[in-house]
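One structure below.
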Amino acid sequence: MNTGFYPGCSLNGTSREYNESVRAVAAELGLKLTEIDDWNCCGATAAHSMSRELSVALPARVLALAERQGFDEVLVPCASCYNRLSVAAHELARDEELAAKVGAAVGMAYSGKVRIVNVLQYLQEHAAQLLPGKIRHNFAHRVACYYGCLLVRPHKVLGFDRLEDPQSMDGMMRAIGAEPIDWAFKTECCGAGLSVSRTDLVGKLSANILGDARDRGAEAVVVACPMCHSNLDMRRTAINKCLDEPTDIPVLYITQAIGLALGLSRKALGLQRHIVEVKLQ
Amino acid sequence: MSNDNNSAFEPRIIAFVCNWCTYAGADLTGTSRIKYATNVRIVRFPCTGRIDFLLLLKAFASGADGIIVSGCHPNDCHYTSGNFHARRRWMVFRSLLDTLGIDTRRIRYSWVSAAEGAKWADLVNDTVATIRELGPYNEYKKVADYLGKEAGDE
Amino acid sequence: MSKIGVFICHCGENIGATVDCAKVAEAAASMEGVAFATDYKYMCSDPGQTLIKNAIREHRLDGVVVGACSPRMHEPTFRKACAEAGLNPYLCEIANLREHCSWVHPKGDDTTEKAIEIVHGLVEKVRRNSPLTPIHVPITKKALVIGGGIAGIQAALDIANCGHKVILVEKEPSIGGHMSQLSETFPTLDCSQCILTPRMVEVAQHPNITLYTYAELDSLSGFIGNFEAKIRLKAKSIDESLCTGCGLCTTKCPQKKIPSEFNAGLGRRTAIYVPFPQAVPNKPVIDKEHCTHYRTGKCGVCEKVCPTHAIRFGQEDRIINEQVGAVVVTTGFNVLGTDFFPEYGYGRYADVITGLQFERLASASGPTLGEIRRPSDGKVPEKVVFIACCGSRDPAKGIPYCSKICCMYTAKHAMLYQHKVHGGESYVFYMDIRAGGKNYEEFVRRAIEEDHVNYVRGRVARIYEKEGKLIVKGVDTLLGATPVEIEADMVVLATAGVSNQGSEELAQKLHISYDPYKFFAEAHPKLRPVETNTAGIFVAGACQAPKDIPETVATASGAAAKVAALFSQPDLVREPLVAVVNRSAPPVFSTCVGCFMCQTACPYQAIEREEIKDRSGKVIKVVAKVNPGLCQGCGTCVAFCRSKSIDLQGFSNQQMFAEVEALLETTN
Amino acid sequence: MNNLTELANKLLGDGTATKVIGYEEAHGKTRPCFCTEAADTGRLVLDERCTNNIAVYLTKPEIVGGHKVAVTATLPVLRTMVQLAMENQLPDGTTAIVSTESGEGLAVLPTVGDMERVVAGTPLDISGKERELRERLKAMSREERWQFWLGEMSRCIKCYACRAACPLCYCTRCIVDNNCPQWIQPWASPLASMEWQISRVMHMAGRCVACGACKQACPMGIPIHLLTLSLAEDIQNEFGVAPGSVMDHGNVLSTFKPGDKEDFIR
């Protein structure tokens, strides 16, 4: 299995720790990740509200490159990139006319052979069986697994996990000795689309999420999406304004939680980059 | 193809149709007074599932230039599944004929429902036009007449 | 040498204006085997038919071709005329000169030529026609009704009241079905049990009805008029002839914590139990799965207390054979459980219940004796949210169809709640209100306007528990998609109506078809709504699709009428256009080699195995045999048979072969 | 005494079989042989020279009538037996003797289930066989293919050896012997020969085990097996039924799927 790696912009910017922790966990488990050469923006946020063709062409180029470079699958840790790449592949496979147009624009055709996997799928398929012998100490904490909107929706395109009550992250958490809580906000909106323009709304929406996690006894919120992370972590001041009582519940990437269980250093996992300090071991 | 100097060529076309959909559809063409070419002769079967592949060969051997096979649309069969059986039969038969070099363009398969009177007229006209273009099926007639007199239009 | 008569009809101007009918008749007269040919203005008129009849007698015709309108029009007319003149009606064929010729072509030689060729094709066909006689199949005038809900009860009573014997099979210990669980019924709010129980008693007492409860169909063989049903009578572990139904055993049984099916899991029952007080028959059964005696060999309290010594722990299932002529399937439906809905808590919240459970809460015979109390703590809920379309009309849930009854029963539930809990607040989340039916829309309006039920048009995204309340998050689409959040004490899900468990297996036993949702399929959605594609098997009620009570009863009576119509004949008469496997003299017996691939091709299970035996009873050969009672004459087997051992009467190989050759013969 | 003889004697001895159908050596080749007693079994051989499909005898009452039969089965023979069983033509109690995978030992397959397992474990690969000729045919234009087959069919002498050799042509009355109606003219003309072959091949649809007996039997050397082979390929492409595999219910042409895909019915 030749797995390509598509970091996208977030993993080189606001969520460098996600990038670091994915690579660190993969390396620790002896899994090889090769970054796609000459990758470009997936077009998230802006492109699909402006031009359908553009919104497909950008990911199509990434996919075509991956295909050309001989990858069987591409790991896309950013949920937004994952969503865009998957939607583009879906549309290309169903609309010949569009595929032809896009192929001409990109200058490369994409035949649909590369499988697009998100971090949860990747961990389930490649890491899960390697974990048992590698865990140094259990990540014995109550955690709230927060999936956000982009990992499971639209279900008919992604076909990943259960739409209303996804379980894949919960399973991985159990595998490293954590106790995932039962809560109601797994796929609720954190307000990412308005992260810059309406921080007040983000505060309110994210507060619902963190408040419920805290009230149900979670010690940490675990995520697999840079947008979720930046909202829940970075916008904490705005969030705390909407809560009856401020919270310092930390927000971890799933790979950071697994990294801790594997005994990787906090630095290697980029834990020092968080706004809300992560005290958990 | 040898379609020169047959401006006077009138294709002989035989249609194998099921009673419940296409035959009724052709009846509707009549009641709607939609005109179509006179070249077609209809044989009524209870169901496309009843149509023997040998009858198609016999039609060619007896001088047909083209054949129409038509029945109920999938899922509309009066007998639930006769048309599904027929579809498989034609899929297999068609590729065998092709392997043998028999001109599969001369057999036109269609689904015409009891409500598609206009489609029936189009189907006939279209088939007549195609066969007119292809010319008489002399290739087959010549072989069919192996023991008889030389084919008249040779 | 055959003597065919050819009769060309002008159909007034309809054929005559474009086809030279006289010329067609003249050409026909010179065709081989034709003894008489003529044309006439209106062949279907009385004088026209008389002309045919006279010709048959005068020229001793042994076949007739009528060149006229489509056989789909007047084939029966002309065949009847032939029969009246003493000619076997199946020796008459129709040449379609109107719909397929005169109406679709202009006047001219080509059109007349085509008419002649059509006639020629049919002359050649009719020369090879055989006289056929209608098939008579005897009928066992006894019906089997499977499922003792309101549909089965209605069908059984209707058939029994026509004077025919009925066997009613119910898998539960009592008949009554879902209707017996309902509190009040829309749109009249009359008590369900009050209108149902008299019918149940009538069934039990009807001299023409044999009732088997706690019984299931094991297998069904045979065909219309002649089915053999094997019915499994599950062991009730009591001797019914001794049991008086006193109920002492059920009060003494120490196993008291089994969720009651009748109360949709909200109440408890004992291991030896009668499902509900009005049960028919009102005699208990022992639930072996939960009974201590069956599990550990101990206990046996019921045996000790029974005053008539009717307990029989050693009883075993019995299989009985019944000969029946028709089957009515009325196995009903089920509702999805709350555990189907992750967004609504996966069945984890005790106070999120299904509509059927609400019926039990609202029912005077229910676990709360008709008081609306929530299951978790028995408190009267002050705020109740009803959610319509739970699963229904939701392709993502795999149920794109409308469950049809939910709009009405949700309105009824909200209304009942408002009637019972004064000052209570109720909300109904809905997609559309589908209240088509007599007095239905008025009923819903009453709930909204008089009982002040709050109708919110929108979907509920999620329910979660917080501080003892159920937080219902939804949206009001009529207020510009405003998010709505309601802190409810209880939530009632109008979960989708789905096919009953085991419906697929039953359909396979009966050889009837079913849709992707495992509801049984009718032969035609409009014109044959209670028949199935298997002759002699009928369906009614919610096993076809979710239905309300009036519709269920209507289809049940419809199916009963079909059965009664079937039984009103001395025997079953069918068109002889069926497939036949040839038979010949020994030692060949039949050219059939018995590969039985035709069996897999037949859509009607009409092909059977026939063993040919010698005098000592030793099997010499096994060959196919077509059951003329089942065969519908599609001919798929005929085209498939490699050795041409099957042929289709009326469309035989010889006939079709000759017709095809004749149609092409006049070329050049 | 070799193993095969021993085994055959054992089966005859313990009543498992009253007749063993197998191969014997003759003129450096093999030919069918029928053993009913231990005295005959010394002649039995089972090796790569055994190419005849002796399953053809299993549908002949004059040979198997009144007998319990054991057949020394090569893989094509075994495939045929499974297909025959599926079509209710394998006499009850017929057993097969096969070489084990290593080629050294022998095994007895007493039930059809056993035979099915062996057959299912060794899928038929027809892609390699006769590739050149088939590729040549495919490369031809339709007219050329017609001329090719016309040429081949005009050599046919209507001896029906193809029918006699095929173990799955077991009809009591073949379609060519049916004269009501006379589906196929009895004389040897290109058309009648072609119609016969079309019928034969259509009748083999989804049943042919690709043993090649028809080709071997043809005295004129007409490559008629190409027709069944290409049909088998088409069936695999269209319906996913692998050549030589036995369907557990019905036949390719007696069953269907509502989702069968074609592109020519409009």
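Each chain carries a letter (A, B, C and D) given by its place in the written order, and its residues are counted from 1.
Rule of thumb we're sticking to: a residue touches a chain if its C-beta (ideal position, glycine included) is under 8 Å from a C-beta of that chain, and two chains touch if they have at least 3 such contacts.
Owing to the predicted nature of the structure, the values given are computational and were not obtained by experimental measurement.
Colleague: Out of B-D and C-D, which chain pair has the most contact pairs?
Modeller: When the contacts at B-D and C-D are counted, B-D has more.
Colleague: Distance between subunit A and subunit B based on Cα centroids, please, to the nearest Å.
Modeller: Computed from C-alpha means, the inter-chain centre distance equals 59 Å.
Colleague: Taking the mean of the C-alpha atoms as each chain's centre, how many Å separate subunit B from subunit D?
Modeller: Distance between chain centres: 34 Å.
Colleague: Please compute the C-alpha centroid of subunit C, do the same for subunit D, then give the distance between them in whole Å.
Modeller: Roughly 45 Å separates the two chain centres.
Colleague: Touching at least two other chains at once: which residues of subunit B meet that condition?
Modeller: Touching at least two other chains: 53, 58, 81, 85, 89.
Colleague: Which residues of subunit C are in contact with two or more other chains?
Modeller: In subunit C, 601, 640, 653, 657 touch at least two other chains.
Colleague: Two-or-more-chain contact residues of subunit A, please, as numbers and ranges.
Modeller: There are none in subunit A.
Colleague: According to the definition already given, which pairs of chains are in contact?
Modeller: A-C, B-C, B-D, C-D
Colleague: Would you tell me which residues of subunit C are touching subunit D in their complex?
Modeller: Checking each residue of subunit C against subunit D gives 588, 591-601, 622, 640, 642-645, 653-654, 657-658.
Colleague: Mind listing the subunit C positions that touch subunit B in their complex?
Modeller: 70-72, 96, 98-100, 103-106, 110-111, 113-114, 117-118, 121, 513, 533, 577, 601, 603-604, 632-636, 638-640, 648, 651, 653, 656-657, 659-661, 663-665, 667-668
Colleague: Using the touch definition up top, name the residues of subunit C that touch subunit A in the complex.
Modeller: Touch residues, subunit C against subunit A: 341-343, 346, 348, 396, 462-466, 471.
Colleague: Where on subunit D does subunit C make contact in their complex?
Modeller: Subunit D residues touching subunit C: 87-89, 170-175, 178, 180-181, 183, 203, 249-251, 253-255.
Colleague: Going by the contact rule at the top, pick out the subunit D residues touching subunit B in the complex.
Modeller: Counting only subunit D, the residues touching subunit B are 137, 140, 142-150, 175, 183-184, 187, 189-191, 194-195, 198-199, 201-202, 205, 226-227, 230-231, 234-235, 238-239, 252-258, 260, 262, 264-266.
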